[in-house]
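First chain A sits with chain B, and in the next complex the same chain sits with chain C.
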Partner chain A sequence: MGQRFAYSAKRWLYTTNHKDIGILYIITSLFLFAAAGVLAITMRTQLSAPDNNVLTANVYNQFVTVHGLLMIFWVLSPLAFGFANFVIPLQIGCRDLAFPRLNSMSYWFFLFSGVMMILSFFFGAAPDLGWTLYSPQNTGQFSPAIGFNLGAGALILMVVSITMSSINFLVTMFKMRAPGLKLRYMSVFPWAILVTIFMMLYAFPSFLAAVVLLYVDRAFGTVYFSSIQGGSLLWDNVFWFFGHPEVYIVLFPAIGIIADIIPTFARRPLYGSKYVIGSLVAAALISFVVWGHHMFVTGIGIASTKLYTVTTIAVSLPFDVIVISLIETLGFAKLRLKAPALFALGAVANFIVGGITGVFLASVALDYALRGTYFVVAHFHYIMVGASIIGLIGGLYYWFPKITGRMYDERLAKVHFVLSMIGFQVLYFPMFLLLDMPRRIVTYSPQTDWGLLNLTATLGGLIFGGAQLLLFYNLYRSSRVGPPSGPNPWDAWTLEWALPSPPPPHDFDVIPTFQADGTIRFGSGPGLPNGLGHSNEIGNPNGSSVSNKTSPLHHEGLSPWPVLMAFAAFIFFLGLTIGKPANPQPVSYQPFWPLIADGVILGIISLFGYSRETFTVHEDTHVESWPFKQVPNMKLGIWTFLGAEVIFFGVLIGSYFFVRTNDAAWPPAGSLFEIRNGFAMTLVLLTSSLTAIMALASARAGNRNGLIASLGGTLVLGAAFLYIKAGEWFSLGASGVFQNYSLPATSYFITTGTHGVHVFAGMCMTVYLLAKAIKGKYLHGDHTTLEHFGLYWHFVDIVWVFLFPLFYLI
Partner chain B sequence: MAMNTNYLYLLVFAALIAETDIEVNLSSIIASNAYVSVLLGIAATKAILIAMFYQHLKYEPKSLSSWVIIGLVIASLLMGLSFVQLHVGHP
Partner chain C sequence: MAVSSTQVQFDSLFGLFTYLAIAVSIIVFSLLIYFVVKYRDKPSSRQPDDTPILGKVPPSRGHARSVVVTVSLSTIILVALIIGSFGAIDNILSPPAPSQVCDGCSVLVTGHQFYWNFAYPNGHSDNLVLRVPLGNSIRLNVTSADVFHDFGIIGLDIKTDAIPGRTNVMWFTTYKAGNFTIQCFELCGIGHATMKGILNVVDETTFQQWYTHTRITCSPSSVAVNQTSQCTALLSDSSPSGLGLTPKGNVTFSTPALGYFNTRTCTLMAGTSKGTASCSVLYTPTAAGTGSARITSVYGGDPTQSDSSGNTAILIA
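Now for the complex of A and B:
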């Protein structure tokens, strides 16, 4: 028994298998769904009657905020990516994600970030100003609780997790599709995930930059968000630039699931599937230019309000196409009303209501009237809960047999659906009528006529919340005693259904091939429909399902380092955020150094173990990998990471521009930061780029001494750069610049500091490479690691190429 | 071949240093209105040189260059539209 438990614990802690990690994501997000639900029910109880005092205003505000943050970041996306983890490799015909250990690390970062967010309740107060964390309330002056810092740390860890995940999925989906599976042949769910990841990759770095700026403001007393020149408008921009794509990030996977479920249960191909995919891509692109509609009342110029009105209306058009396609698919279909289909249909109905009410808010005049009211709360809950959660629950029932190999209780699932839909409408529809009730108020006077509608909404909340207990019960019980489901209980067409339920650890004995005639072939076996429903023949893939024997390619794939690295990051951030306030004014924090030290030590040990571990990932060459056929997986991963870094530094530099062009009293060039320092650092860093590229050239030429000398030179030059930078900081510190930050000092401190951290990280990599080079590595054609390091180092150099003129010459 | 490549790297390095030198001395050459634009233009050419020759984008498939450019376009959108909010269309 003890041995079995130890094996089980080891498996789940160390697993790198995409299906295990998918299950971990799904279970964790369901637990957090329950936690966020309890917060919501408590809030609704408080609002059920006028002058109620179930919660104090302080606690209510924390509940509102953490409920929103948990649902958006720790429930909706992770649940979707639980499915994506489990299903996408099966659907595109590969054995795992491109970087399995990175996948494991993403999960553990996600888990620890969620723990950290919940811990924030126990350190003074959790974040308490709504999920948008608006400035200037988010500054230390107005929200001094240490719990807020903890929340910021949790968000940083969560974005790190998401960035790792995005890179992994993008490389996998671009580079590891089964032979013949061209992008245009993928069904809508993989497309929805691909487009979602694209948005995640470019939207989340903006949020990361925003939270980093906020954390530094709070911890070190810089003034980005407490100054008039930056302040609320700067926060609005960097937050909503991420925030609006985020709405689609949580919605698109549900749309993908619905678009897989409806054709399966209607027994018809998706009507206009190419247009649906095109619409997803179009909406994703437009989503990056609509963020200003959240800022209509902030005093942005009239040109901007016009622009954002147009783009906001434009972004609704692709969704019209998607809804019409889904409805057309249902036309004259003999629909099998199983639970997944019911939830999919319910999600579409809710989405129509949520979508149309969103278009109202594109109008500046209506937005002025409705902004900040319960109308908006109703609108976005129709999208977030009505479409996303309901759609994702459809996915839960749909893939439950595939994941567990057992069927759920269909009757219970239907009761769950009916209660969920009734509860949902009773909960949220009254909020549309609460046009004049401000959101985020803790109570209201009996003189208002809001009492009855609020009471109704609370009753709806209880029904909706209670219905979810049926879901948990059904899933738990059926996973233990449900009848065996067989490989394909729905007669579905996508590739995962051709495998046994649950699929074997290695997924495929033979990698399938997608044929030009619309079939999928395993070796010399018979062809199966390719999942798009283009073939008229609805085949029975069961007969051709892959056997359950263990492939020689399968390895256990266990690694302890991802969970340890994530834990190291967790305690490091805990140490960084739970310190005591050092100065009351401006509020700044003294970190808790013992925890930080522990985190650093454990991080170094894990990194060392990670790099020394033999963990082979097979990179198949006979796969579909357009448009990056000639680019190796790791190189594409590095470039994708650098793409995210471009946005991160773009936001930092953009924030500098924002406050600079908004501040008439900026000191002239050379008066605050000495040009000769900047010039010297530029020369040093450019020279280090030369030595870095010479190291690669030496490795290619088999020149050991040249390699060691070049890497050593890069290390010394990196150290020299930081030495000059540190000297400049000490000199500025001695002159009092950091005591009372001005905006020039704030922007300089944060931007060059962040860049300095990147230089330091590059130096750590150089030490590793140098040690390996001294032992004779990289000289025999195995120099790709050097090349990848070079990509990073040169990027850091490029960033400085812009920082130098911006801070020293302008 | 290796010799040629090393020569190219040195040539790029020389160009980067020369451009940096021009940047530092630019204020004495260019009138104030165009100064910032020219300075950022020089920085952009330096970045392009590094990306093309040190990061080898010049020799990579176009799809990879396009992938990198997407990030730059999105970052520029954020900066550009934020600038418009602040400075365009106000009475």
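Now for the complex of A and C:
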């Protein structure tokens, strides 16, 4: 027993298998769904009657904030990515994601970030100003609680997790599809995930930049958000540039699931599937130019509000196409109304209501009345709960047999559906009628006529919440005693159903091939590896037990380093955030050094272990990898990462422009920073790019001394850059110009500081490369690592090429 | 019954949206329900001949025509909505200039954690009641002294963000007398739910009486440093009955400028004409400062009289 437990603990902690990680994501997010749901039910109880006092304003504000943050970041996306982890590799015919250990690390970062968010309750107060964290209330002056710092740290860890996993999925889906699997052969779910990943890659860096700027404001007293020139509108812009795409990020996977479930149960192909996919792409693109609709009444001017009205209304067109196509799919169908289909149809119905009311809010004129009211709350819950959660629950029932090999209880699931839908409407519809009631208020006066509608909503909330207990019970019980489901209980066509349920650890014995006419073949025989006529079938024909035959390609695939690395980051951020305030005015915080030190040490150990571990990832050569045929996986990963970095720096530079244009009295060029210094640093850094190129050339030529010399040169030039930079910082400090001195100083220190950290990271890589080069590596065609380093280093140099004129010359 | 210009405008635009929304919903939901009922799996259902099967990518189906029709129909509706919205927003965002509204109809609104302050041109300032005249256009300059708030008036269907360092203008014409609740619509801290005020719409004569019933004059109106000026507060009846009752009680004077009063409060004495009272203090500037000193007099009211205040400026040579 003890031994079995130890084995199973080890398996779940160290696993890098995409299916295990998928299951971990799903279970964790369901737990957090329950936790955030409890917060919601408590709030609804408080609101059930006027002048109620179940919760104080203090607690209510924390609940309303953490409820929103948890549901959006720690429930909707991870649940969707749990499915994506489990099924995407199966659907595109590969044995795992491109970087399995990175995938495991993403999960652990996600888990620890969630823990950190919840911990924030125990450090003074959790964040308490709404999930939008508006400025300047988010600054230390108005929200001094240490819990807020933990919340910010949690958000940073979460963004790191999302960035890692979106890079991973992007490389996997572009580079590892089964031979012959063209992108257009993919069903809607993988497409939706692909589009979601792109939105994540471009939206989350903006959020990261926002939270980082906020964090330095709080910790080091910089003045991005406490100044009038930055302040509320700077936050609004960087937050909502991310925030609007984010609401699609949590929706699209659900649309993908719905659009795969409905054809399966209707027994007909999706109507207009290429238009549905095109619409997803179009909506994703437009989602980056509509953020102003969250700022309609901030006074951004009549022309901009009109523009945002048009773009926002335009974004509803692709959704019209999607909804109509889904409905048309049902024509002349043979629709089996099983639980997944019911939930998918219910999600479509709710989405129609949510989308139509979105158009109301898209009208700037109506928004002048509706902003900040329960009408908005109703609108986005129709989308996020009505469409996203309900759709994802459909996915849960749909893939449950594939994941567990067992069937859930259909009757219970139908009861769950009916109660969920009724509870949902009773909960949220009244809120459309509460279009005078401010959102996020802890209580309201009996003189209003809001009492009855609120009471109704609370009853609906209890029904909806109670119904979810049926879901948990059904999942728990059926996973143990449900009847074996067989490999393809729904007669679906996508590839995951060709495998036994649950699939064996290595997924495929033989990688399938897509023929030009869309037929899928396994090896030379015509059969499928699921017991349906396959010659050397794996596992039990009814698929209820895991096959114990392991593939030679995918060993046990356990690695302790991802979880350790995530834990190190967790401790590090904990140390950074739980320190006591060092200074009351302006508030700044003293980090808790012991934890930081532990985090750094553990981080170095695990990084070392990670890079030394022999963990081979098999890169198939015959795979379908349009449009990145010539690009190896790792390189594509680095490109993608640098793409995200571009947005990150873009937002930092954009923030600088923003505060600068709002500031009438910016010091003229040359008065604050010496142009000479900037020029010297530019020269040094550009030269170092040259030496980096020389390093690669020497390695290619097999010239060991040249390699060592040019790597050494790069290192020295990097150090010289930082030396000049440090000199500049010290002389500014000596004349009293600190980061909290003024906006010019704030933006200078933070932007160039962030860049400096990147240079430093590059120097650490150089040291590593140098050590290896001295041992004689990289000379025999094994120089790809050098190439990757070069990409990074040139990127960092190019950023400086932008920073130099911006800060020194204009 | 119409409450304000903004409410009338909102109702008609919201009505348009709602009618179209209901029409679209009826069509879409009928289609959805009809299909689900008609094509659900029954013993009599025909097996579709293009059912996707495992091991083969299903053939693509669907007409571009369907997309074109969907998009065109939606576009027609959406364009109508855009046009309606643009008309309304032009109106919302073109407030009358301060000179075009009545004296006292242009008010500075400042959000504070957790109350609203209303400051009138005559110096009257209140943390609870925004009193305005019926039938007039009201222009509010909305800003915040601390965090992001949002100033909204329930029933008038209009609001605007109160942002530190920015001033947003909001305007409406009052159609109905009475009290309306002002509330904050952006979570701004612990007191957010109770960050309320009262919009008190009164008829024009009452308003004018109230607004002007403290008048303050200083003479001479221009003095040198260390020279004394006499400031007189003159009150006229502001009782709701308008019977010509005489205001009683004290008036308090203040100024942000450098200088001193011989006394900060004086007691009202009845004036010669019916329903008036006045009293005076002496003010002596001690530094030129910005070149003028703003003197404010505040009358706290009595059982028959409402409170009020007035202000004026003395030029300092």
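We take it that the second predicted complex is superposed on the first by the 785 of 810 C-alpha atoms of A that agree within 3 Å, B and C clash if a C-alpha of one lies under 4 Å from a C-alpha of the other, contacts with A are read in each partner's own complex, and residues count from 1 in each chain.
Keep in mind that, in the parts below, a contact is a pair of C-beta atoms (placed from the backbone, for glycine too) under 8 Å apart; a residue touches a chain by one contact, two chains touch by 3 or more.
Keep in mind that what you see is a predicted model, and the values were worked out from it rather than measured.
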Is A:Ile810 contacted by the first partner chain B, the second partner chain C, both or neither?
first
Have a look at where A:Leu396 lands relative to chain B and chain C in the superposition and call it first, second, both or neither.
neither
Counting only touches as set out at the top, which of chain B and chain C does A:Ala669 meet: first, second, both, neither?
first
So, A:Lys334: does it touch chain B (first), chain C (second), both, or neither?
second
For A:Leu690, using the defined touch cut-off, is the partner it touches chain B, chain C, both, or neither? Pick first, second, both or neither.
first
Between chain B (first) and chain C (second), which does A:Arg700 come into contact with in this model arrangement: first, second, both, or neither?
first
In the overlay, answer first, second, both or neither for which of chain B and chain C A:Thr373 touches.
second
Please indicate which partner A:Ile302 is in contact with in the superposed arrangement: first for chain B, second for chain C, both, or neither.
both
Of the two partners chain B and chain C, which one touches more residues belonging to chain A?
C
Touching A:Trp639, do we find chain B (first), chain C (second), both, or neither?
first
What is the shared patch of chain A, the residues that chain B and chain C both contact?
233, 302, 305-306
So, in the complex, the side of chain C touching chain A is made of residues 6, 9-10, 13-14, 17, 21, 24-25, 28-29, 31-32, 35-36, 39-41, 45-48, 50-64, 66-67, 70-71, 74-75, 78, 81-82, 84-90, 92-93, 113, 146-148, 150, 152, 154-155, 157-161, 163-168, 181, 183-193
Sites on chain A touched by chain C in the complex:
57-58, 61, 64, 129-130, 134-137, 142, 185, 228-229, 231-233, 263-264, 266-275, 297-299, 302, 305-306, 309-310, 313-314, 316-317, 320-321, 323-325, 327-328, 330-337, 345, 348-349, 352-353, 356-357, 359-360, 363-366, 368-369, 371-373, 436, 438-444, 448, 488, 491-493, 497-498, 514, 518-520, 528, 532
Under the touch definition given earlier, write down the residues of chain B that touch chain A in their complex.
2, 5-6, 9-10, 13, 16-17, 20, 23-24, 26-27, 35-36, 39-40, 42-43, 46-47, 50-51, 53-56, 60-61, 63-64, 67-68, 70-72, 74-79, 81-91
Residue set of chain A touching chain B in the complex reads 202, 206, 233, 237-238, 241, 288-289, 292, 295, 300-307, 627-631, 636, 639-640, 642-644, 646-647, 649-651, 653-654, 657-658, 661-662, 669, 675, 679, 682-683, 686-687, 689-690, 692-694, 697, 700-701, 787, 790-791, 794-795, 797-798, 801-802, 804-805, 809-810
